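Below are structures written as structure tokens.
Two complexes follow with chain A in common, the first pairing it with chain B and the second with chain C.
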Partner chain A sequence: METLSFSLRAERVLRGTGRQAIVGVVASGNLEVLAERIEDGTGCRVEVSTAAEGFGDVWKAVVGDFVERVSPGGVCFSINDGGARPDTVMLRLMQAARVLESAS
Partner chain B sequence: MSGWSKARDARGERMSAAASLAKGKIVEAADATALLERLIRPGDRVCLEGDNQKQADFLARALIKVDRQKVHDLHVVQSGLVLPEHLELFESGIARKLDFSYSGPQGAALARALDKGRIELGAIHTYIELFARYYMDLTPNVALIVARQADRDGNLYTGPNTEDTPTIVEATAFKDGIVVAQVNEIVDKLPRVDIQGDQVDFVIQSPTSFYVEPLFTRDPASVTETQILMAMMAIKGIYAEYGVRRLNHGIGFATAAIELLLPTYGESLGLKGRVGTHWALNPHPTLIPAIESGWVEQIHCFGSEVGMDDYMRARPDIYFTGKDGSLRSNRMMCQNAGLYACDMFIGGTLQIDLDGNSSTVTPGRIAGFGGAPNMGADPHGRRHATDAWLKAGREASDGEQTLVRGRKLVVQMVETFGDKMAPAFVDELDSIALARKLDLELAPVMIYGDDVTHIVTEEGIANLLLCRGRAEREQAIRGVAGYTEAGRGRDRKAVEALRQRGVIRRPEDLGVDPLDATRGLLAAHSINDLVDWSGGLYRPPSKFRNW
Partner chain C sequence: MSARVPERGSWLEASARARVAGLLDANSFTEFLGPEQREMSPHLSLFDLPRAFDDGVVVGRGKLGGRPVFVAAQDGRFMGGTFGEISGSKIVGLLRAARDGAAGDDAPRTVLLLLDTGGVRLQEANAGELAVSEIIRAIAEARRAGITVIALVGGKAGAFGGGGIITACCSRIVVSRHGRISVSGPEVIETNQGIEEFDSKDRALVWRITGGRTRWLTGGADRYVADEIRAFREAAMALGAEDAAPFDLFRLQAEQSRLEQRLQVDGDSRDATQIWTRRGLDEPERVGDMTEHDFVVLADREAPNHDAR
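Showing the complex of A and B:
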């Protein structure tokens, strides 16, 4: 088990009013993402707990691109990873952000 | 012995030696090994029919029992090397030399046997290439073939899995070779004649029916969102863009996803009748929803697929069928259609290097090619035009040419990471390393980079037709290589410039939202849904039944 933590600054605060969202499942090759609003302006945190060790560089790259692409300011994403591939990680993060954006 | 008919005379001697074992053309199963000992001579070229699907498994078991003093050092010339018995021929010294196309499940055993020096390897061919050599320099002396039924004159009924048989028999029978057929049963009247009796010398009823492997059944339940995303991009960015009507699909999940999206996503894009109307394709169950929705005009098949017989029998407007109503497949003819009459090949791979060369060889496994290098190659002998072919040709040229020449679309779909996080994009193909280790003359490359026109990953589509020069091509490939080392090693500026020119297209450039790529888009979510689409005519094999 490896834990990784990333703090980034997004361009803007994530739209929408959703407070909390969970997407995905903890399963082999998949992951669960809990997204929660935090009071931190455009700050964004991503906490990763992963079964696959030694992929820190890849996580950093995926998280960096995600924040650039979606701009999820004011959100903390907690990831429970079952060894998902980077494209699946990106998809789940985007799905979680979308749920917060579209919740009323 | 006269000077001009040595082979005919030798055939006569072998036939006389075997005559006492046969009643007419019929030989008892118990005498099979004795028959082979009398017909086969050391050093003979032998085709032990091993197709993509149907296997002359009884004759394989009979052949490994021969007396090695009498039969040895054979040169095996067959497309599929997929049964354990095929490898045992080499382990025991009955066979020494091998020319083949596909080894699938025996890929690892084959690599080990090569490493130990048990096999003298001629070449790993594409199907049509090996068949071509049957008529040039690899004509079989003896062909051991398989069919469903025979009559007493030796006429054969192959049923839907005709596959390689006519091609093997033609080469053998008309060059003074000997043809032995194993059949499931001997009957008075055949449903139809697939092989004429005067080309068949001996018939053996085998104690058990021959084995057929279900190879083309992809369970919709296993299609992932990433594959759906790639399928959406391919449909919008390639099928629609080029108006591809005549094509071949590989057997992977990404193309299965495309098949399942045609009646849903494809329909919403207004593509029905404009793409995917004519196919060189095995009977993929996942194409049933598109067929039932009226997308498909006709399909010619390399082989059949377990469980599809009744469905195809009920759809003669779509499939090629015999007078008996059942499918007639033919690997040689269908490969030829795939080579010359398809505007696109689209399929998966395991590794792509930065020149776009593509290979399915992984460390310690030589799976062979099957038909992919043939489908996935631009045929320079083509002389008929279609819009798709001309558009691809124009993109590849610099516009100044007065002589326009088309190009076949050769599309590789690959997720950037495979099983166990193995990167699909690599600096050097495992195939090249393996060729070095085994001292092979030719590295087994499935599709050469200069034939690949597009690479589709979950990150986007790279159009290699539009690339000018090797450096640009490399950045186009890196630009869709995701988070692999090759992808992270991209020149970001160069990749952005390629994107501006449309060489690289991201989902958002194509108007595809990755969050729309959900399983809800699939026309069928399970094998059971495919059965429902077929009106109960598709009968999946038990390993795919879970209801």
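Showing the complex of A and C:
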């Protein structure tokens, strides 16, 4: 197992009032994402625990792209990964942000 | 939290959270030990395996048709929905809370177990075996205290191993076509007894033997429902509204004699079609291919008497 941690600054705070959201499932080629609001202005954290070791650069690229596209400021995304492909990771992150935005 | 799914959605395809959300009254669910608590397996890391924030089990309370209920749901996609130290403890704790009438005046008298499991999580060996034993004991104690425990089986993993035994210990069982219930899985039987005994690659055979239709026809389930969240909800509501039957020696003896009788009648059957023929079904070889609608109509007509459970 490998753990990775990313701290980024987003352009805006993520909209909506949902406090937390969980999407996905830990299975082969899949992942779960737990999104939680944090008191950090437009700061965004992504904590990854992954079964596929040695892909730090890919994670960094996907997370950077996600933060740029969605601007999820004030949110921490915790990930348990079962070896998902980068496109699946991106979709799950976007899904988590969307659910958090629309949750009451 | 999250998971919204139309009630008409498929039970089989839904996640544990989506099943709970669609099963209970809208927005009535409160989770205990949610994923944010990060109560994860202490064992999986030793095997370099990823963990899940909820260890694959969602527990909490909510309302079903306005009545308070406790609910536990396994997600068969994480580690095959297996019973480990944490996932098992969550279910045991919920059943004990029901037994003790926890939650005061509005204490739930019904526990819904949404099983979707291959049985014990092998990586957690003894802890998993203990979890299954403790759940069985907790179900017995809850039923003794007048609590109705309803198993709902229709997930991808079915209810195998300890999960099959746990299902059989419940007050009531609801099953769909995909809800396979058994103790030894097809591959286990084939490995131990040979392919002549059971060909695990023969999917039609596996479904005929362990699938919901045969289980229902032979008294292994009280209700057969279509693979819809809404259908599970309606069945659980109807069963939850019934008074809990007294769980005593008389009931266990009645169940024992029902099982003995079943063994006597069907014990020499080599395939499910023989059992269906003995049940006097018009076209026994068609049972596996019938549409859900046709089978539900047949199920209503043939409704076997399962009062022993």
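Just so it is clear, the second predicted complex is superposed on the first by the 104 of 104 C-alpha atoms of A that agree within 3 Å, B and C clash if a C-alpha of one lies under 4 Å from a C-alpha of the other, contacts with A are read in each partner's own complex, and residues count from 1 in each chain.
Simple rule for what comes next: a residue touches a chain if its C-beta (ideal position, glycine included) is under 8 Å from a C-beta of that chain, and two chains touch if they have at least 3 such contacts.
What you see is a predicted model; the values in this text were computed from it and never measured.
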item: Partners on chain A (chain B, chain C) - clash or fit; value: fit
item: Which of chain B and chain C A:A10 touches, first, second, both or neither; value: neither
item: Touching partner for A:V75 - first (chain B), second (chain C), both, neither; value: neither
item: C-alpha centroid angle, chain C to chain B via chain A, nearest 10°; value: 70
item: Per-residue contact with chain A, leading partner among chain C and chain B; value: C
item: Partner chain(s) touched by A:V46 [first = chain B, second = chain C, both, neither]; value: neither
item: Which superposed partner A:A103 touches (first chain B, second chain C, both, neither); value: second
item: Which superposed partner A:L34 touches (first chain B, second chain C, both, neither); value: second
item: Which of chain B and chain C A:V63 touches, first, second, both or neither; value: neither
item: Partner chain(s) touched by A:M94 [first = chain B, second = chain C, both, neither]; value: first
item: Touched partner set for A:R85, first chain B, second chain C, both or neither; value: first
item: Minimum distance between Cα atoms of chain B and chain C in the superposition (Å); value: 6
item: Interface residues of chain A shared between complexes with chain B and chain C; value: none
item: Chain A-touching residues of chain C, taken from the complex the two chains share; value: 1-2, 15, 17, 34-36, 45, 48-54, 56, 75, 77-79
item: Chain C-touching residues of chain A, taken from the complex the two chains share; value: 1, 20-23, 25-27, 30, 32, 34, 36, 49-51, 78, 80-82, 99, 103
item: Sites on chain B touched by chain A in the complex; value: 225-226, 229, 415-417, 421, 458-459, 482-483, 488, 514-515, 517
item: Complex contacts: residues of chain A adjacent to chain B; value: 52, 55, 57-58, 61-62, 83, 85-88, 90-91, 94-95, 98
